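Below is one structure, written out as structure tokens; the observations come after it.
Order of writing sets the chain letters: A, B, C and D. Residues in each chain are counted from 1.
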Amino acid sequence: MNSLIPLLVAAPLAGAALLLLGGRALDRLGHWIATALAALSFALGLALFADMLGRDAEHRAVTEQLYSWIPVDGFRADVAFQLDQLSITFVLLITGVGTLIHLYSVGYMAHDERRRRFFAYLNLFLAAMLVLVLADNYLLLYVGWEGVGLASFLLIGFWQHKPSAATAAKKAFVVNRVGDMGLSIAIMLMFVEFGSFAFQPVFATAGDASEGKLTAIGLMLLLAACGKSAQVPLQSWLGDAMEGPTPVSALIHAATMVTAGVYLIVRSGAIFNLAPDAQTAVVVVGAVTLLFGAVVGCAKDDIKKALAGSTMSQIGYMIMAAGLGPIGYAFAIMHLVTHGFFKAGMFLGAGSVMHGMNDEVNMRHYGGLRTYMPVTFATFGLGYLAIIGFPGLSGFFSKDKIIEAAFAKGGTEGWILGLCALLGAAITAFYMTRVMVLTFFGEKRWQPDADGNEPHPHESPKSMTVPMVVLAFGSVFAGGLFIYGNSFLHWLEPVTGHAEGDSPLSAWTVTGLATVCMLAGAALAWQMYGRNPVPVKAPVGSLLTRAARRDLLQDDFNHAVLVRPGSALAATLVWFDSRGLDGLVNGLAAAIGGISGRLRRIQTGYVRTYALSMFGGTLVLVASTLLMRSV
Amino acid sequence: MNPANYLYLAALLFTIGASGVLLRRNAIVLFMCVELMLNASNLALVTFSRMHGNLDGQILAFFTMVVAAAEVVVGLAIIVSIFRTRHSASVDDSNLMKL
Amino acid sequence: MSYLLSATCAVPAAGAVLTAALPAGTSEARRRTTKTVALAVSVLTLGLAAAIAVAFEPGGARYQLTESHSWIRSFGISFSLGADGIGTALVLLTAVLVPLVMLAGWHDADPAAPEGSFESKRRTQAFFALILAVEAMVLVSFLATDVFVFYVFFEAMLIPMYFLIGGFGDRAGGPDADRQRSYAAVKFLLYNLLGGLVMLAAVIGLYVVAGDQGQATFSLTALTDAISSGKLVIDPNAQRALFLGFFFAFAVKAPMWPLHTWLPNAMGESTAGTAVLITAVVDKVGTFAMLRFCLGLFPDASKTFAPVIMVLALIGIVYGALVAIGQKDIKRLVAYASISHFGFIILGVFAMTSQGQSGATLYMVNHGISTAAWMLVAGFLISRRGSRLIADYGGVQKVAPVLAGTFLIGGLATLSLPGMAPFVSEFLVLVGTFSRYPAIGIVATFGIVLAALYALLLYQRTMTGPVKAGVEGVRDLKVRELAVVAPLVALTLLLGVYPKPLTDLVNPAVNDTLSQVHRTDPAPAHPVAATNGGEQK
Amino acid sequence: MIPVHALAAANGSGPSIPAPHIEYGQLSPMLVVFGAALLGVLVEAFLPRRLRATAQLGVSLLGLGGAFAAVVVLAAQGHGTTRAGLLAMGAVAIDGPALFLQGVILLTAVLAVLTYAEGRLEPRINGHRVDAFAAQAAAVPGGEQERDATREGLRTTEIYPLTLFAVGGMLLFPAANDLLTMFVALEVLSLPLYLMCALARRRRLISQEAAVKYFLLGAFASAFFLFGTALVYGYAGSLQLGEIADVVSGVSQVTPALAVTTQNDALLLIGLAMLAVGLLFKVGAVPFHSWTPDVYQGAPTPVTGFMAAATKTAAFGALLRLFYVAFPGIRWDWRPVMWGVAILTMVVGAVLAITQQDVKRLLAYSSVAHAGFILTGLIATDRRGVAAVLFYLLAYSFVTLGAFAVVTLVRDSKGEATHLSNWAGLGRRSPLLAAVFALFLLAFAGIPLTSGFTGKFAVFQAAAEGGATPLVIVGVLSSAVAAFFYIRVIVLMFFSDPQPSGPAVAVPSPLTATAIGVGVLVTLGLGLLPQYFLDLASKAALFTR
């Protein structure tokens, strides 16, 4: 059975290779092949899951050694997969949601002439993401880590003819690279410390290392997570990444890839548990990002960017939970899974709306769409309810658990985190209600597109709606399923461990507070956007609004602090290289030439001058010979 | 007489000859100055020959005279031909090649 | 005594003479004959190189298939060749790249000027003969086990290389392209000649020093044996001076910051194929020689200077990448990227850890392959549009998707994407450096961010966006060009996923080098439990 | 030394003078060459004009070839090694260096004579083939007489006997074992050369100027040499190098006169310095080099090639013998001074060459720089150094001769086009010729696999072993500077566009082609497989005394 594990990766990888190399012959069938392979991978995942369920909790984790990858003395990197409860959870999420989104894309990309390539990239993404979650060591994880980055780059920039898309793709990759630097350094630190970077041995030995070293490793891993999961301060790429086709945003930039940071931290729990300072850093990053993303989400008029802000914020929750240690790991993953359902569903919904509205993304140009796109409205609405934490839906359970865990951290820290989380919940409800209202309610504010075509909103084809419906089911029921009998917690416990915190508030109090916050936020949004007409052109807005529209000036900051000095430095060095270093070399050559030109003048052409130089030379020769004797 | 005096004379003649080469312009005169230097050497050779009591120096002096004669032949040929071309015996006029 | 090694070197040499002697003429048929002959020779060489790799036993002696022919007895010089793992890997690299470079430059030496002008009738013959000559000399350099023989070919290869740079451009330069190109060629030659001459002084010095202690030989194996057994003790000051003499030449050739300024000119002005020969093959002789000669002959001095060299290499990594970001010319950008990469290689060599040195060796191979792919595709692009300026491009992927795709793959390999060959080597170098010099390792890691910037900026500016005027006519890759790129891409991926054959080849030689400098890897602070360590092979 | 009492004794014994013992066999190379020269004079005097050129060529080649054969035979008989010895009552030494250098000089002379006879480069005049030499040397340039002479197709065939006389002097020069012989040899080789310089067919003004400059400065230098001879004789009481050495190192019997003169070291040191001046002038070392560019430029190019190759060889031979046989005892005095000269020569030669615009002047400065490189070998003061210098001279001679032979081929309507701008694009018009010249330039630059590299390696190695490491470093650096101007010419030939009205490359007769071809072969041969010649040089590297 374990030998099936490599097939999980191989199936989509083969799909990618086939589609990329196959050429135009596969234009007509390629997308179905890709979808089938994604589904195959999902089926394999299910089979492995069933197999795993058949074993005791202690024997569920298995390792499949493929081959020795980089054998160098004292250095060992293998291509080996580890399938345990944590990774199978991801496998199912990735392949499951992935298959649905493949299916959705069949319809969504039907008219794109480069559809085959799109599906190849999607398959490539699946393969890389599976490597990421299945790797049994950090270096192989790194392969998946950058592999998904590559897929993300290719897919964000899929419409390369748009300069904005190309720029966004490059930005995503480069910012991620900063995070990857963290991962590299973390691996190097582990190697120096433990002589290995495979999960099992490192975690087993982590206790021997000093806390300082572990903190350093933890911080570097956090840097990596910040990059991949768009956490402050490396969050700036996610908003721009919405330039990619919407299925991409759903799969990569909502459900799966961006959550890799959470996976990394949870997976490295053994290290973080021993490095409290690193954990503190993690929760701070998580808390800051959850508010940051939420604020940004409130101000965006672009539906996808609003959702992107939301994603950032939700991942902030997960990171915060992961930073809480054993009390939060399982809930981080649980929220990750439920978020995968509802956020993917909402992105697909957004895609469906755009599909019907001539690719319009500005919510101020929507309005009243609920009657035109009933399925989209229903599925999006369910996702909406899930994310704001409407009682009984999946987001309610998972988010609630995180808020509880935050309070359970204890002390002032617990209070601060808990309140942040509650505030976040309120803002979440606000901006999601805003999205919902602007899109589906109110009057029509439709505008003709650039070519003057009036939009004719209509429901999307089956291939698109079916995945949305499936995801909506997940949004509704997943949370309840997971929470029932703490099944999810127990499932993950062998991997992540679990600890009960010491909460100053009872569970019910927290739930109540969260619900109140949610209602308050939603009500405020309804008040602002539901009861008043929405201007088609965005009002100037307050300072905060304007800042939030500009992603809280993150790009301005990066531009001022990194990009501009960076290009200035590059320009200076280019100048220095040609004028300074090369100038030195050319100057030396010119100097020798100059000396030569001067020295030539002693060759006057007059015999007597020559005779004089000989005579002088003789005198010097005689004198120096005599001098040598006297010395 | 102290043989050193002959040597001093030889050195003086040699220096005069060398100075002449450096100072005079006429090729013939210049060449005569070189001859003077050769003769200064001859004087020194003969003196040393006498001091050492062997004939080597004197023999060389004879050779020098022959060589000087040969030099004159060659030298005059060259100088005369260039004089006929340029109508000048000044060495400073032969200045086509330089730098 | 086997003659495999000398045959491998002799075949391209003979091929060069043969190609040069083929009948002159500018007719298409004549030219095709020339090209075919040259290509056949290079493929034959590849076959012989493969035979070396097959015959080489990774577990055996350091130098295998050795042969020695008396050459200049008066100076204690014999024409000795021997293959070790590192050399064999680089011989393979060279033998693989040369046919591809020829194929890529199939039309580079076709007459540029209209009939009747002063263009030489032997242009095509000259181009291919020069490439084969370079190949022969490079192969000897990689296989030489005699310091003098190495020196001679290290230096002599400058001449054909010089004519390749100066004589054959990419026809994409400005109005004063000829002047620029001859400037580049002269700069290349003078820089390297200066390096070589300084090394000559050191070579002579080494012989004198060794001769004083009864070891008057140029044989590398004899010298290193004598040094490691203590029979030959070079006074520390002399050792430092000699080391610097050798290192200077290699640092110019490699090239290491701040001696690099010839490379952008040379790579920018020459044809893409020549640029690949320079950066992927010829320059590798420099880094290779650091590993084999500097470390092997002057272990103590190497250790003394290692920190300084590491810092210079580090500057080179960051500097090269930053200057690459600021470039306006595609080929110069690739050149500066290479300078950055050479920094990594040198870092790996002087970190003196098994990871670092294995990584450096792999890096030489991988950089050769990946830069070849990147540069050759860039060359295909430039030959279509007739410009090297980045600003003249835009939206190429729209009109030539395969070209754009392969260019992207080249760029991704250059930025060391995991799963591709350069990643393996770069990571090994970083780990190897980090384990001895953590600070340098961390700053070097910053290089991977900058690499992403220059590689992707170039891709973005040239390939994406709306189709620029002048780019509409750009055709996609032809079959010949695909045949060039495909093997390179395949190798990049293969060696990224399964580098074991290469590491197995290289590791013993690296260990031997490390033992020559009396260095062992720093032990981990808290090694993982023995059960896990025990599995290590 | 011919002591006075010996003559007196001869007088006493009767009217017969004991004939000095002359080893004609071992002197035969020189005798053959001088004989051929005299025969050449006779040919000049008695043969009709139309036959002279051919006959002179035949006589010269036979003479030189015969002399070379004699050298080979002598060497084979071991006169270079085991049977080396002093001849003609100690006036001449036939030993390894002498034979080796005589061989080199003779071979160079053969090739040079071939280039003299080249008749296809100049356009025919009235159906007469003419060569590079003046129609009538005595005629005023541009005058009526010259026009007539030219119209009649006259040729200065005297060049052959002159060359043979010069070669004879050159053969004697490195073999001279006393200062008298050395002085005479110096003059014998110089005087014909002065004349030969003046014999160019084209650009006669600068040709004559070259001659007058060479003559006056050469005579000036000879005067120094002679005065130096006098002083050394005064110190040592002998002209023979071996005996001087004995006196210098204090092993000979001290006569009363010696007791006085050896008190005065200044005599010795000044004398030595002045002797050195005479010889350094001939090799073209700085600061005695100033004649080189002018004379090289002005002289007819075949003569320049001969002069540059053979004179330098002969003069270095003499210099070696002087320092190694007569003055090894005071090497601590002269070595530092020669260090200075060597450094100055290398640097000034290389630096000055950079800005030259005329290919012949450029090669002249290059020869100055090479003199510096050879001097580093000389300073090694051991057998290895001698061997290195011998090898270098062999390598250098052929490269130089070949290079100047190539220069004769690049011509425009005014004769040879020696200005560098005319050489632009030569590689595109005549790739073969340009490639050959490039090979010579690369050999000059000391690029591996050419003879120049082997030579340079040999001298630098010898110098380093002799403890002259700084010299090696200066040498290496000035090699780099020197490389610059060689490469500049290559750039010009290959990478510049030809001028529309540029020069044409004349197709040479087999004579010049042979000279160039041999030059190429030797250049490559000594680069690729130098072992035999290194052995030869190293076997030959022992001076007898």
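Going forward, a contact is a pair of C-beta atoms (placed from the backbone, for glycine too) under 8 Å apart; a residue touches a chain by one contact, two chains touch by 3 or more.
Predicted, not measured: the structure shown is a model, and the values here were computed from it.
Participant: Specify the chain most distant from chain A by Cα centroid.
Facilitator: Farthest chain from chain A, going by C-alpha centroids: B.
Participant: Taking each chain's centre as the mean position of its Cα atoms, how many Å separate chain C from chain D?
Facilitator: Whole-Å distance between the two chain centres: 45.
Participant: Roughly how many whole angstrom separate the Cα centroids of chain A and chain D?
Facilitator: About 79 Å, centre to centre.
Participant: Just curious, how far off is chain C from chain B if you go by their C-alpha centres, in Å?
Facilitator: The separation of the two C-alpha centroids amounts to 65 Å.
Participant: Please report how many Å separate the Cα centroid of chain B from that of chain D, as a whole number.
Facilitator: For chain B versus chain D, the centre distance works out to 24 Å.
Participant: Please list all residues of chain D that touch 2 or more other chains.
Facilitator: Chain D, residues with two or more chain partners: 212-213, 216, 220, 224, 293-294, 484.
Participant: Could you list which residues of chain A touch at least two other chains?
Facilitator: Counting only residues that touch two or more other chains, chain A contributes 589, 600, 603, 605, 607, 611.
Participant: For chain C, what residues touch not just one other chain but two or more?
Facilitator: In chain C, the residues touching two or more other chains are 190.
Participant: Show me, using the given definition of touch, all chain pairs that touch one another.
Facilitator: A-B, A-C, A-D, B-D, C-D
Participant: For a test of understanding, state which residues of chain D touch chain C in their complex under the given definition.
Facilitator: Touching chain C: residues 387, 425, 427-429, 431, 442, 445-449, 453-454, 457-458, 460-461, 464-465, 469, 472-473, 476-477, 479-480, 483-484, 487-488, 491, 494-498, 529-531, 534-535, 538 of chain D.
Participant: Quick check: in the complex, which residue numbers of chain C touch chain A?
Facilitator: It comes out as residues 187, 190-191, 258, 261, 264, 319, 322-323, 325-327, 354-355, 358-359, 395, 397-398, 405, 412, 415, 417-419, 423-424, 427-428, 430-431, 434-435, 438, 441-442, 445-446, 448-449, 452-453, 456-457, 459-460, 463-467, 497-500, 503-504, 507, 510-511, 521-529, 532-533, 535-537.
Participant: Tell me, which parts of chain D touch chain B in their complex?
Facilitator: Contacts found on chain D: 1-4, 7, 137-138, 140-141, 179-180, 183-184, 187, 191, 194-195, 198, 204-206, 208-213, 215-216, 219-220, 222-224, 226-227, 229-231, 233-234, 237-239, 255, 257-258, 260-261, 293-294, 297-298, 361.
Participant: Quick one: in the complex, what on chain A touches chain D?
Facilitator: 589, 592-593, 595-597, 599-600, 602-603, 605, 607, 609-611, 613-614, 616-618, 620-622, 624-626, 628-629
Participant: Which of the residues in chain A end up touching chain C in this complex?
Facilitator: Where chain A meets chain C, its residues are 20, 67-76, 79, 139, 142-143, 145-147, 150, 153, 157, 160-163, 165-167, 169-170, 173-174, 177-178, 180-181, 184-185, 187-189, 191-196, 198, 200-202, 204-205, 208-209, 213, 566-567, 569-571, 573-574, 577, 581-582, 585, 589.
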